[in-house]
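What follows is a short report on a single structure.
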């Protein structure tokens, strides 16, 4: 079955990000297809390259990145939500004349159309809310 | 009277940051002393240099920075809360081998002792919670 | 005597509920942000058992923002300067969120 | 038929309340994260008026995390694989948070 | 983009201005309409407070949500469903709302959820 | 640091694990004790759920909060006040809590707030 996942909570601030990660691992284990994981609202902080959790805790941004690389997942961050919250890729950093950027690869910034398209082509959309 | 302010909400995600900013402006107008503004939990995102709100909205991190410079305010971000949420100064970025940092100046990262000390020396501590 | 601020609606969190259960005579309530919705006439019964010694305020910027015109007359509207003045007049500020 | 997930306690938000008001016959409830506290025996009366056609589940990882041992027997404990299976078995998933 | 259609329901449950949920939902609604997918909006619980007229958030540095909601019809978003119980609990009447709304009781809400393919919550 | 003392009250209202409030409060409590200021903790509403024994959050990738709370006495943090109404509403008894706690009713909570100089909420 084709799934898409929406995450609206930041790591550590709410449990949503951790729950979504565990749910996605189960989806892959049970051989479902993940069309897209979409990070919206405070969920954009899941993509922060600068987050440094204590060593005995899960590094959620890097877990997402690893999972995405391993399984060729499309992990998309809402660009409008991200830019206002200070999560920028190289492109946006350039556009707004910021000297640095902090989006972890392979996360990509894109528009809300990616959420809607995911809803159209997926059998299930599951939201993990903050 | 000596005030200290605690902010635990991120800009845009909650109204707490905007309320705290307006309250601080009133404190200064009424000639009270602000001993410290302490940013804790999700409030650490108030210090993000990379946040780019739409042009017709308040840029809260830069408003804090301006207010602090103008009035020589001590604006302190809890270092533990900030590091796990991806808000780093140059020092911490170096420590964790990150290629960039995103703390707006004159915000400083420091420990929770700065919150407790503020509570000891201030007549009032007012928290703006998320 | 304590100034209690509440910034959540009566249903989105238990902040108001918890605050009302924790008041002492002579304390004051100040509704801010989403807290101002509690001053809608429809919620008036939440406040009927308050002792007369409890002063009730709301932040006018927040009630105007939300389109609240017809308000519970027990609440006096103040601005941020008024909020600061109350913070001085009472011995401490407790935030319920 | 819909799978409804709830991730808040009965008092920290109106999520559970809103969910219970929106069920159709044959739907299922799944308590996750802080939502699992609703399966404490002390909250059993919240669920007494549920139609028998509503299946009730909770995520075992979350109830163990929180030290909940003595649980409302109407709730069946599942793991993340079970959560995925329920997501397939029902036509859609609605999240209440 | 394929020709497939999915019907979307957006459930709004939060008051405006205190958090970003109301605006986040509105942005998603507008995007769904760009994709020309069937869309309904449901306002329940505190979200009925989004529908109050005469909002004026200039004093708190935010944009006027009610002005945006009033524009939804221009985007052919005309399925605005409102929980009648939520209005009543807040002492509001349908006449207080200056938008073209459809009142729903509990069973109406259950049916609405049943009728849509994808449900997004805010 | 001056010799001034201020008494602190930390009000806990949130359940553990779902958000960071419980841990944030604990970190502040430990810091206040380092500064050797008088400190009381109040657990009301969902925060009484922080006090349940046998928590095991390994399956959700978090640290055990109850283990940390059990260590508070070592830091001379022994003023743990608990709202009896909050326990009762959740079907809990004082005997279920394996910590040395002091039960308070509404007027006890009001008095506790009155007695402290600074109140921090979580």
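Letters A, B, C, D, E and F mark the chains as written, and numbering starts fresh at 1 in each.
Note that a residue touches a chain if its C-beta (ideal position, glycine included) is under 8 Å from a C-beta of that chain, and two chains touch if they have at least 3 such contacts.
This one's a predicted model, so the numbers in the text were calculated from it and none came from an experiment.
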item	value
Chains touching both chain B and chain D, listed by label	A, C, E, F
Reference chain F; chain at largest CA-centroid distance	E
Most remote chain, CA-based centroid, reference being chain B	D
Chain C and chain E, separation of their C-alpha mean positions in angstrom	28
For chain B paired with chain F, centre-to-centre distance based on mean C-alpha positions, whole Å	25
Length of the line joining the C-alpha centres of chain E and chain F, rounded to whole Å	39
Junction residues of chain B, two or more chains touched	12-13, 15, 19, 22, 41, 57, 125, 127, 129
Of all residues in chain F, the ones touching two or more other chains	17-18, 20, 45-46, 60, 62, 117-118, 121
Sequence positions of chain C contacting 2 or more other chains	7, 11-12, 14, 33-34, 61, 92-93, 95, 97
Pairwise chain contacts, counting only pairs that touch as defined	A-B, A-D, A-E, A-F, B-C, B-E, B-F, C-D, C-E, C-F, D-E, D-F
Residues of chain C that touch chain B when the two form their complex	5, 7, 32-34, 61, 80-81, 83-85, 87-88, 92-93, 95, 97
Residue numbers on chain C that touch chain D, as the complex places them	11-14
Footprint of chain B on chain A - complex, ascending	10-13, 41-42, 45, 48-54, 57, 61, 83-88, 92-93, 96, 98-102
Footprint of chain F on chain B - complex, ascending	6, 8, 40-41, 80-81, 111-113, 115-117, 119-122, 125, 127, 129
Parts of chain D lying in touch with chain F, wherever the complex brings them together	7-9, 11-12, 33-34, 37, 40-43, 60-62, 64-69
